[in-house]
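Input: a single structure, listed below in C-alpha cells.
Letters A, B and C mark the chains as written, and numbering starts fresh at 1 in each.
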C-alpha cells in the first residue's frame, strides 16, 4: 500500500492481505459470509445470466429478420422470447444491482463491517443460485412458452416446463425478500455515529427504497406462483373460468408484484446514477433531500399502479381512471430526479470518465423511457398501444437503456475498488458507445413498429414491417458486440490491468476510504462521517492517480 | 472463510462469543435481530394476504357456496385446534420470559409443551383432512363427494334447522381455498416445529442468557404469527355462515 | 406457418397503403390510416404526449450538452461553488410536469370512455376467438372468417373466447379489447374509411398466436358506389368486396350461408347444428359421458339438477340450456358450457328440439 500517501492507508491489514486473497479455495467462496465476496459472486452470476438472456434476445431478433421467420417454427420462437424475458427479469434485472453492487457497496458506504445478517445474505445468494438451477432445468426439460408473465389460463394449458419455471421464480422471490430484509435492517441499525438519514449517500436511499418493495411485494408473487403451481398440478380452479375461477385475478396478483418489481429494478439504477453524477461533477446532488424523498415516493406509489397493465382487460373504467391517476402521479418524482441530476452538473467540474459516459447515456434513455411511459399511462392512447412493440420498446428503454446502463456504469465505477485494478479506459468507452448506438438502433424503430400496428410476441409479421425489423436486428447485434467488448475488457483488466489507487475517481463516500481492494473486515476503525458529497477535501495526485484526502478545511 | 480472518480484528474489541463480529454492541445486535424478524413477519402476512384476497373474491362471487361449505367442516375439531394453538402461544411467550430470566428448566419445559401442542395440532388436522378426502370433499377438479358426505351434510343442515337437500351442491371452489389456506398454514406449523426444535436443542446447550435470547424471541414471534393466522382462518372457514 | 393467409393479407395491406381511396386513408410516420371515429381522438392524445415528449427530451439533451461543454473539467475550470438546492426551481419543475400530465390523464380518460361506452341498439357482431382463429357471427346467423363492416355506422362487438385469453385489435380503428374466457367483453367501432385492414390477436395465446389475424373489410356505401359509377369512374377496388355495399354483401353471403338448411327436415337441421356447432365435443348420442350429459333418450326425462331441484327436459329447458347454460346444471357435471345466444337461431333451435325428439324415438 505504498502507492497511497493517504492517512487512511492504515485501513490495510497487518498481513498485507485483502478480502480476495485472505483465504483461497472454492469452498472459501461458497461458504463465505463476507458481503464483498457474496457481491462478487452475484456479479459473476448476474453477468452470466445477462449473457444467457442476451443470447435469446439475439435469437429473437434473428428470427424476426424476415416476415415469416428466419430461423425456427412458432413454438420454438415462443420459447425464445419467453426465456429471454424470464432469464433477464428474474435472474439479471431484479437481482443485478442490489445483489452485486448493493451487497458490495452498501456496508462499505456505511462504514460497517458487514450487512446485519451475513448468514441470511449467503442463504439469499444460495437461493438465487438454486432458482437459477431451476431455470436451467426448465431449459433442459421442454423449455417454457408462456411469456415471462405466466398468464392464465394459457400457462395452465401449456405443456412446457411451467412447473420448474414457477418454482424457480418462487425461489428467486425468496432470495429477493431476504436481500431486501437484510438491507433494510442494515440501513436502520448499522449506520455509523453521526450519519443521520440525511447524511446517507443517495445510493443507500435508493437501495433502501428498493428493499421496502422487495419485502412488501415479493411475497405476493410467491403466493401467486404457488397457487399457479398447485392449480396446474391438481386442477385447483382458482384461475380457471370453467371452474368458477377467474383468469383476470391472476393478472391482478401478478401485477401487484410485477409493477412494483419495475421499481425494484429502476430504483437501484437511479441510486447508482446519483453516485456517479455527484462524483464526476464533484458536487453534491442538487436538491439532495428531494431526490432522497422521491425514491421513497416512487417505492410507495409503485404499489398502487398495477392496474395500468390491464386497461384493456375489462376492468371497470373507474378502476382504470384511478390507476391512470396514480400512474401519472409517479411520473413527477421521476421527473424531479432527472432535473436534479442535470442541475448537479451546473458549475461542477465534470469529468468524462467511463462511468460518467454510462450515467449521461442513462439520463438520455431514461428520459425517453419515462416519457414514453406517459403514452401508456394515458388510457386512450394505451388502448391502441397496449401489447404492441411500442410497449416492448418503452420497457426496454427502462430496463436496458436505463438499468443495464446504470449496472455497467456502477460496475465500471466500483470495479477498481472491487478488484484493485484499472480497466482499459479506451475499450470501456468504446463499449459504452457501441452499446448506446446498438441499443437505440434496436429499440427506437420498435416505437414506430408498435404504433403502426405490430403486436408483440409474434413469430412472423406483415411484410410492411420488414425494414424496421431489420434495422432493429442490426442494432441488436451492435448492442451484443458492445456488451461483449465491455465484459471482455473488464475480465482482461483482472489479468493485465494497472493496479488501482484507493480512490481513483474522487468519490467522497466511505467506500473510498478503505484499502483497494478492501480488507476482510472493511475498516480497522469506523471512518468519521463527513458532510455528504463534500468533495472539498479531495485533491487529485497526478503521480499516483489517486484522490488524496487532505485535511484542508472545507471552506477552501 | 471469514472466521479465520481475525488477525486484524478483535484487537480492541472484547466480543462475547454470542456477539457477531460485525456488531459493535449487544444492543445493536439485539435491535437488528428484532427488526429483522418483524420484517420477516410482515412478508409472511403479505404471503398469506394473497390467499385472503382469493378467499374474499370467491366468497363475494359464491356466497351460498361458502355458507353451505361451513356446515361440512368439523367445528369441534377446529375449536380444539384453536385452543391447542392458544395454549402453545402462551407457553411460547413463557419460554421467552424464562430465557430472559435465565430459568433454564422453565425454558426447556415450556418449549417442550409448545412442541407437543404443535404436534397435537397437526394430528387433529390430519384426522380432519383424511376424513374429508375419504368422503370426496376435495379441491377443484378432484371434487367428488360420496353419499356419506351428503348424509353428513344433511345431518348438519337439519341440526341447524335448514331444509335438507337431495344432491350435494358443488362446493369445489370453497375446498380449493380451504386446502390452500389451511395447507399453507400447516406447512408453517411444520416449519415452526423445526424452529422450536432448533431453539430447544440450543437451550439444552445453554446458549441463551439475559443478553442473548434473540433466537427464542424470534421463534416466539413467528409462532405467534402462525397462531394468529389460525385465529383468522378458524372463523372465516368454520364459523361464518 | 400459414403462408397463403399471410401473403393474401400482405396483398390486402399493400393495396391499402399504395392505393388509398383518398388521402385520409394513408398511414403516417407513426400511425396506420385513421379508419374509425375513434382514431382521430386517440391520435390527438398520442400527439399531445408526443410533442411534450419531444420538447422535454430536447430541453434535457440540450442542457446536458451545454453543461458538458461549459463545465467540463479542463485547464482553468475546476468547478465553482453554487447552490445545493433551490426551492423555487424544484417547485417549478414539479408543477409544470404536473399540469401537463393532468391534461394527458384527462384527455386519455375521455378517449378511453368513448371506446369503452358501447352504444345501445347498434348492429351487433359476435366475435368468437379460439386458438388460433376468429369467427364472426352476424345477427341473422351468418358466420364468416373475415370481418365485414358497413361504413359510418356504429357496430358492437360482443366477444367470447373458447379457450385462453385473446385480444381483439384493429390498428386502423385504434380499438383493442381483451377476450377473457368465462365472460363476455364488448367493444365497438364506427368505421369511416372503406378499405381492407388487419385484425390482430394481441394477447399471447400460445403456439400460433402470430397467425391469429384476419382481414377487416369496410365496405363503401351504396351512395359512394352509385356516385362513382354514375360519374363513369372506375371503382378502384372493383375486384374486392369494396365494390359492393355492405348490405348487398350481407344479403348475398347470408343467402349462401343459410341456404344450407333449404329443403331439410327440422331434425336434420338439428343434426347439422349438433356437429356444426361442435355440440358433439361434449355431448354424445350413445349414452357415454364426455364433458356434459349425453343426449341419448334425454327428451321428456326428468333431470336431477345441482342444488337438489329437478327439471323436465322439454322445449323451454332446451332453450334455456342453450341460451343460458348456467341456469340449470345437471348434477355431477361442471358448469363449463358457454352461451350460444346469437350463434343458434330460432330455426336451428327448432331443429335441435326436433332432433332431441327423434333421438328419443
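By our rule, a residue touches a chain if its C-beta (ideal position, glycine included) is under 8 Å from a C-beta of that chain, and two chains touch if they have at least 3 such contacts.
Not measured: the values here are computed from a predicted model.
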item: A-C or A-B, whichever has more C-beta pairs in contact; value: A-C
item: Chain occupying the most central position, where position means C-alpha average; value: A
item: Chain located farthest away, centre of chain C as origin (C-alpha); value: B
item: Whole-Å gap between the CA centroids of chain B and chain C; value: 48
item: Chain centre separation (chain A, chain B; CA means) in Å; value: 35
item: Shared-contact residues (touching 2 or more other chains) in chain A; value: 243-244, 246
item: Of all residues in chain C, the ones touching two or more other chains; value: 335
item: Of all residues in chain B, those that touch chain A in their complex; value: 1-2, 4-5, 7-9, 20-22, 28, 31-32, 35-36, 39-40, 42-44, 46-51, 53-54, 57-58, 61-62, 139-142, 172-173, 176-177, 180, 184
item: Residue numbers on chain B that touch chain C, as the complex places them; value: 165-167, 169-170
item: Interface residues, chain A side, partner chain C - complex; value: 67-69, 73-75, 77-78, 145, 147, 151, 153-154, 157-158, 241-244, 246-248, 281-284, 286-290, 311-314, 317, 320-321, 324-325, 328, 331-332, 335-336, 338-340, 342-343, 345-352, 360, 363-364, 367-368, 371-372, 374-375, 377-384, 386-388, 448, 451-453, 455-464
item: Chain B contact footprint on chain A (complex, rising order); value: 13-15, 22-23, 27-28, 31-34, 112-118, 120, 177, 181-182, 184-186, 188-190, 215-220, 222-224, 226-227, 230-231, 234-238, 240, 243-246, 249, 253, 519-521, 524
item: Residue ranges of chain C in contact with chain A within the complex; value: 1, 3, 6, 9-10, 13-14, 17, 27, 29-32, 41-42, 45-46, 49-50, 52-53, 56-57, 60-61, 63-64, 67-68, 71-73, 77-86, 89-90, 93-94, 97-98, 101-102, 104-105, 107-116, 163-165, 167, 169, 171-172, 174-178, 180-183, 185, 198, 200-211, 334-336
